[in-house]
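Below are two complexes that have chain A in common, paired first with chain B and then with chain C.
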Partner chain A sequence: MSPLAELQQAFCDALISPKAPSESLLKELVDDGLALQRFNVYRNNFIVLNGDALADMYPVIKRLIGEEAFRVLASAYVRQHPPQERALLLYGDQFPGFLESIPELSELPYLADVARIEYAWTESYHTQDQDNLSEKQVSEIATDKLGECQLLPHPSLHCISSAFPIYAIWQTNQSDDSTESISLDQGESHVIVLRPAIDVEVREVSRGAYHFLKQLQSGNSIDQAYETANELDDTFDPGRFLTKHLFDGTFYQITPSS
Partner chain B sequence: MNEAITSLRSAPARVPSRAGAGLKAVHYQTIIDEQPDIGWFEIHPENYMGKGGAPLRYLERIRSDYPISMHSVGTSLGSHLPLDRTHLNELKQLVDRFQPGLVSEHLSWSHGYEWYTNDLIPLLYTKESLNLVVEHIEQVQETLQRKILIENPSSYLQFKQSDIPEQEFLAEAVKRSGAGLLLDVNNVYVSCKNHNWDIEEYLSPITREMVGEIHLAGHAIQSLGDQELLIDDHGSPVCTAVWELYRHCIDRLGEVPTLIERDSNIPSFAELQKEVQFAEHYLRANQEVDRVTTR
Partner chain C sequence: MKKSTSLLVASAITTALAMAPMTGVHADTEKEKCYGVAKAGKNDCKAGPGTSCAGSSTVDAQGNAWMLVLKGSCEKIVGGSLADKG
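Our next item is the complex of A and B:
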């Protein structure tokens, strides 16, 4: 290996390690008695800059566990999952699973699902632009064939469900001055995240609507999607749902079954 | 707006020899609403590498009113690893779409393995890394089909193996690759203070022909025992010493497009604009002097 490659890898090893840098790396640095402190500026930057990116993506998690605990978790996350891409826009994609793996957080079992809403928000924010479904597209399909059609949700759609009231938790923690407390007895919650135009929307939906959208998202026909949704939630009324949401940006395309 | 964009596509708008500001998301709406008299804006292309949504829309809108410059942070010119083709192609797409007047990157590296530091790490200044940097600059220029500017870094440490002074390494890399120089005056100040380098000596190989852009920013001071280390955090206004060095630089280099960079503790747009106007004041004063001397 070339001296340059060797030095750069040794530097990266020391950046990512929580331990003090090796003697062999320190020997490579011009020493004015402060070589270690000088190196530590870089190590600190690595943790702080990437931790800041994570904090930008997960403001609600930061609020729920507090600034200090968030910093500790972010440092551990940055070391375990350093950025894999040069653009940091989606840095933090593994954070929900990472939160689940921390035993000390088991008393906050809703945390990972709330984090999933926050990640979906950012992903949705950067998704490709897509025109919404138009009335013209729907009018081109014979009414008696509609049920066999694929009705595709907007590409920015993300569906998140949880055994905990994650929508209420997320919603209440949108502002720093809210002091409302949420009872976990409220139970399960189904959330969709969507960006029909420029603004990201986070909505709580019924269990039936959630499964209906998930089925449609996987490419099943309207009839098939309804069947599954109805099995899981017999109060789900697809007519009412579609009247309200067919043209509001929840969908972008309708295609006859092949 | 669409018409304006179409016409922009055919030619990049030249970045004028005026002062400009780093474009921040929190200022998008103010800029669109108030149309401030500012020469140009600079962006980090990596912040616009999403597939769609608000950032690209705002940029399109602002680009229809102002020239822009793209200041990349992700090519990692000094890494021993090959350049990332995917990243380069994304950069190329943005350059083609938004037609920046200037494109620049840092003399540094940010990956030693397959992951990225997301921070600009100083290079080893040897013949080996000079050849590598020149090759990487050439690859970027070939992909983008245009000349780029290379920025002098700020740094907190030096490697013993380095045997070429930074300024000579930089001047040589620029000459051999046909690139230009982005002179970051704050970085000159920070690095010279941190390493006890002589500022005049640092500036000596830098000529008027090389420099296509100047950066100005604030830095923080960290105490290490009885010494001070200057940290290039772009988190405060430009300090007096850096303003003085800037005046000295434009006396030598002439009127160069000058950017006020701010990446943390971002102030209101009005406040940022005051610093931009300050830089512009110096640039204009310099123009006056030029006119008097040529007469």
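Our next item is the complex of A and C:
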């Protein structure tokens, strides 16, 4: 390793360590007796501002556990997972898994899945715009070939399912003045996040609709997607679902089987 | 693939097509996308997380010791906890 690379590595290591930086590192910085103070200011800004970025990404998690606990977790996250890219727009992709790894949060088992909705929201927000499926595209396909087609959901679509009522938790915590309580006994929740036009939409869907969309997203034909959805939820009604969602921006393309 | 599936799917799609003029939602062209992050409930446009150039007045608590004091709205979420199953 070149001396410069070694210095950079030592600087990065010291940045994410809570300990005082080594004497040898400080000597490399401008030595006017203030190197340690300067380093501490820089490190504090690094930890705190990246933590602020995380708070912008996860406002509901912050609300759920409170500012103080969020700050402690954010500092630990920044140290364990410092940003890997110059832009922080999507910083925090590993935060849901990080939350699951914290024993003190095991009493809040829904937290990570709620965080997954929040990350999907921002990722969906930054996905490239895409025109919605048009009636013309569908009407050009022969009726007896429709079932073999791929029906592609909007590229901004994210599917999140949980054993806990994460949609209700996310929804209730959108505003600071809500005091509604939620019972975890409501059970499982299937959520889709997508941005058909300007606004990101977060919708709770039935188990059948969830699996139908997941199958379509992975490129399976409409017939296959329906059969899987029907096996997992025999109340799934494709007629009702598609009448409501075929042209509302949930989908963007229909292509004959290759 | 079962023939009944194909028929069902085709019928679902043709129904959706027939209903389209009534259900079709057209994008609101009055609005413009703000290229930044504005989470729901925060309607302001801003440059996005971490773009503040201001120095921070917050001092990192260097929280290595897990002193997690949960004070948020999670206390409003009740029942079905893993603790009960233990």
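Everything below uses one rule, namely that the second predicted complex is superposed on the first by the 244 of 258 C-alpha atoms of A that agree within 3 Å, B and C clash if a C-alpha of one lies under 4 Å from a C-alpha of the other, contacts with A are read in each partner's own complex, and residues count from 1 in each chain.
Keep in mind that, in the parts below, a contact is a pair of C-beta atoms (placed from the backbone, for glycine too) under 8 Å apart; a residue touches a chain by one contact, two chains touch by 3 or more.
All figures in this text were calculated on a predicted structure; none of them were measured in a lab.
A.B. asks: In the overlay, answer first, second, both or neither for which of chain B and chain C A:L89 touches.
C.D. replies: A:L89: touches chain B and chain C.
A.B. asks: Could you look at A:S22 and tell me whether it touches chain B, chain C, both or neither (first, second, both, neither)?
C.D. replies: After superposition on chain A, A:S22 lies in contact with neither partner.
A.B. asks: So in the superposed three-chain picture, is A:I198 touching just chain B, just chain C, both, or none of them (first/second/both/neither)?
C.D. replies: Both chain B and chain C are touched by A:I198.
A.B. asks: Based on the superposed arrangement, let me know which partner A:L49 touches: chain B (first), chain C (second), both, or neither?
C.D. replies: It touches chain B and chain C both.
A.B. asks: Determine, under the contact definition given at the top, whether A:S257 touches first (chain B), second (chain C), both, or neither.
C.D. replies: Neither: A:S257 stays clear of chain B and chain C.
A.B. asks: As a test of reading the superposition: which chain, chain B or chain C, is in touch with more residues of chain A?
C.D. replies: C
A.B. asks: In the superposed arrangement, which partner chain does A:Y125 touch: chain B (first), chain C (second), both, or neither?
C.D. replies: Both: A:Y125 reaches chain B and chain C.
A.B. asks: Would you sort A:A5 into first (chain B), second (chain C), both or neither based on which partner it touches?
C.D. replies: It touches chain B, and chain C stays clear.
A.B. asks: If I apply the document's touch criterion, which positions on chain A are contacted by chain B in one structure and by chain C in the other?
C.D. replies: 41, 45, 49-50, 53, 83, 87-89, 91, 125, 129, 198
A.B. asks: For chain C, which residues are in contact with chain A within the complex?
C.D. replies: By the definition above, chain C touches chain A via 1-2, 5-17, 19-20, 23-25, 27-28, 31-33, 37, 39-42, 48-52, 55-56, 58-64, 66-74, 76-83.
A.B. asks: Chain A touches which residues of chain B in the complex?
C.D. replies: So the residues of chain B in touch with chain A come to 46-47, 49-55, 57, 73-76, 79-80, 84, 87, 90, 109-119, 121, 124, 126, 128-129, 132, 156-161, 195, 222, 224-225, 227, 229, 231.
A.B. asks: Taking the complex as given, what residues does chain A use to touch chain C?
C.D. replies: Touching chain C: residues 18, 41, 43-45, 47-57, 59, 62-73, 75-76, 83, 87-89, 91-92, 102, 104-111, 118, 121-122, 125, 129, 132, 135, 138-139, 143-144, 146-148, 164, 169, 172-175, 178-185, 187, 196-198, 200, 202, 221-224, 226-227, 238-239, 241-244, 246-249 of chain A.
A.B. asks: Using the touch definition from the top, list the residues of chain A that touch chain B in their complex.
C.D. replies: 2-5, 7-9, 11-12, 15, 27-30, 33-35, 37-39, 41-42, 45-46, 49-50, 53, 82-89, 91, 125-130, 195, 198-199
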